[in-house]
């Protein structure tokens, strides 16, 4: 049957999500937040999910809605600080011990996710050595310098925002919209991409930034470029 | 001073090469062999080099000239078998114990080079476990499966073939010409790219496949697309 | 009916490829499988030099030397194809994103061990290529080979006598006289050509082989060449 | 002359950036450095969300929300810019391809230890971002900060009291009253504002600080704002 990964709705794309699922959400600094997919996930309402995203508190990402609704048992992030001195939804839950936090240096964060998609269960990195974030991690010297062993992160579901997508699941990104999207798509069992525009024709190979092999569903949601 | 990495000749781009240098050469299956740069390296004539290339024996790559000239003390490759039953230049030297061979599974080969450019000194992979090629390597189980520890490969000089290059060192590749070129460029202290065409204008960002930060010199050598 | 020809063996293996799947075909006989893809299935062929979506070989006059597959064939791209570099291609392979790889083989052991890369020809150099990564990384590894060597020795054995490619990876074996599954308990023939008895098959096998309760005749259409 | 303003500090740091270099500017004050790049030098600004070649902030009406830097500023690209994903961007950082990173800092220790990510505000969540990777990966790490805290406590110390970002990474410190190098023997002031004596400087420093034999007056042009 001719492959066609385009679906009519975000809910069709995501399908059922089990409690305890590990969900990755792309986006950085306002670029590439998969917000329509996150809104849909909120409606689906799985409990005790682990959220893997750059930030647990970015005001432009609907991640905070998932946190506020109490769906999230744990976050794996590089940032979990709300703006200003008031406490964000995440910080309130975290202060009260109601949500678990794993804070990861951003380079180790993205490389651990890439590793998860690339069949690399663990790797050594100099980043984070000697810091609280890597306390207790295995340390080994290479070239006279200590490195810490970091392990891969994999997930059940990746929610990604892209620019265009085709029937084969190929996706292009606009400028810095890509950020964690590629790595997360490779690291999850099921990947859904919300795109501005779904294409009727196959994307030219030189425009493909996320090959369709990593994508299960593409849903067109419009929006400005 | 305005950056301009374009040089007039391959020799200008490569510069002096010390004996014992580790030299990486891109190319796979006839696509992306940096043959003009290899010919220039032959003229420069450093001794006892370690050659990192997919194959020590591919008839379309001028790698065999470097081997035949006796410049190569060691090869790190995924293939070292000449076609047919006759022995290739490499195999003759290897049989006589005059050249050292490290044969690496191709995925570990490319990932070790990527790791070299990415500040990852070592990583675990399932590939090669239980085989002669990984005998003696550290083994560790992850998710119930044994993996071997592979270490990064870095080099002194990378010789790459691309399609177009600009003054900033940005390079684009044609179809499968990229192969090992990106990883090798990141893993070497000095990277030279021979391109079909050097551009007067900066390459549009969406066409850049190898960012200029990884490239020291670009030399236009013409040739068919 | 006689034993299956190489093309018939390739045809038979092709019939089992999953619709919508991603498949990597090894050098030699496995590449022939691409000629017999079932018309009702949409399958992406991956080539480890970086192609997702290999199309037919290029026609005379339309070859591009920078568009080659892992076997150095000058090929075309299918609709929806994309190209990545070698490190990314093996990330795809190692990360479990290839549904099936069909590899040539010298020997397969009763526990699924595969030997397909080193036949120990004196003085000839080794050529491992991507075999170890494919065997370790693909979700399913199938082999395509003659049931016996030219000398009549069994290729299905208690243990491999030649250097391993990967331990315990082979799930299914397509040959000129039988289709054999490698199950937890050992070899199980699921299809045998009508002119061979179970007894004959056992005599040509180097380890115990069971005959499946639903074992069918192995038949293939007439194919020229 | 009074102490340097934030903009003057940024100006001062900018004067030392290497021509042709690749520079990453941290959030907050370091980003101001981009406003004072010496006109005779061609410098590429890297942003860890994937940009090589950050240009000026976008003018009103020309912003693109998918073209942001690591500080979420809506920016433009310079000529020769390119964009990669987050994993590739940190491969660039960790792999030593960034010549200089200028980071904000809370504290710098006499051995180069840096504390810049966690000021221990009660109940506020952590925010590490890319700081640890940048500090560990860049060829040179400089900091840009007030010499003392608002309470007058020294930021240059025997040892950091706040959680470390990376051990032994800081090479140079730009402040409102002095430029200080972190050498093997400890802090060495190389520039001091004319209105501060060596004795004053020592009194405001939490560890021994030497005055360079060729110590010069720290001066900066008048800058508005």
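When the chains are written out, they are named A, B, C and D in that same order, and each has its own residue count from 1.
Keep this in mind: a residue touches a chain if its C-beta (ideal position, glycine included) is under 8 Å from a C-beta of that chain, and two chains touch if they have at least 3 such contacts.
Computed from a predicted model, the values in this text were never measured in an experiment.
Engineer: Could you tell me the least number of steps, going only between chains that touch, from chain C to chain D?
Structural biologist: The least step count works out to 2.
Engineer: Could you tell me which pair, A-D or B-D, is linked by more C-beta pairs in contact?
Structural biologist: A-D
Engineer: Taking each chain's centre as the mean of its CA atoms, how far is chain A from chain B in angstrom?
Structural biologist: Inter-chain centre distance comes to 33 Å.
Engineer: I'd like to verify one number: the distance from the centre of chain A to the centre of chain C, where each centre is the average of its C-alpha atoms, in whole angstrom.
Structural biologist: Chain A and chain C have C-alpha centres separated by 35 Å.
Engineer: How many angstrom lie between the centres of chain A and chain D, each centre taken as the mean Cα position?
Structural biologist: 29
Engineer: Where in chain C do residues touch two or more of the other chains?
Structural biologist: Only 83-84, 90-91, 93-94, 137 qualify.
Engineer: Hunt down the residues of chain B that sit against at least two other chains at once, touch-wise.
Structural biologist: In chain B, the residues touching two or more other chains are 111, 114, 118-120, 125-126, 206.
Engineer: Under the stated touch criterion, can you name all the chain pairs that qualify?
Structural biologist: Chain pairs that touch: A-B, A-C, A-D, B-C, B-D.
Engineer: Hey, which residues of chain B end up touching chain D in the complex?
Structural biologist: 1-3, 114, 116-120, 166-168, 170, 186, 202-203, 205-206, 208, 211-214
Engineer: So in the complex, the part of chain D that touches chain B is made up of which residues?
Structural biologist: Touching chain B from chain D are residues 19-20, 22, 40-42, 44, 46, 52-53, 77, 79-84, 90-97, 137.
Engineer: With touch defined as at the start, can you tell me which chain B residues reach chain A in the complex?
Structural biologist: 111, 115, 118-126, 140, 142-143, 147, 151, 206-207
Engineer: Would you mind writing out the residues of chain C in touch with chain B in their complex?
Structural biologist: Of all residues in chain C, those touching chain B are 48-51, 64-72, 74, 83-87, 89-91, 93-94, 118, 121, 123-133, 136-137, 163-167.
Engineer: Across the complex, what residues on chain B touch chain C?
Structural biologist: My answer: residues 28-32, 56-57, 78-82, 85, 87-88, 90-91, 94-95, 101, 103-108, 110-111, 113-114, 125-133, 163, 173-183, 224-225.
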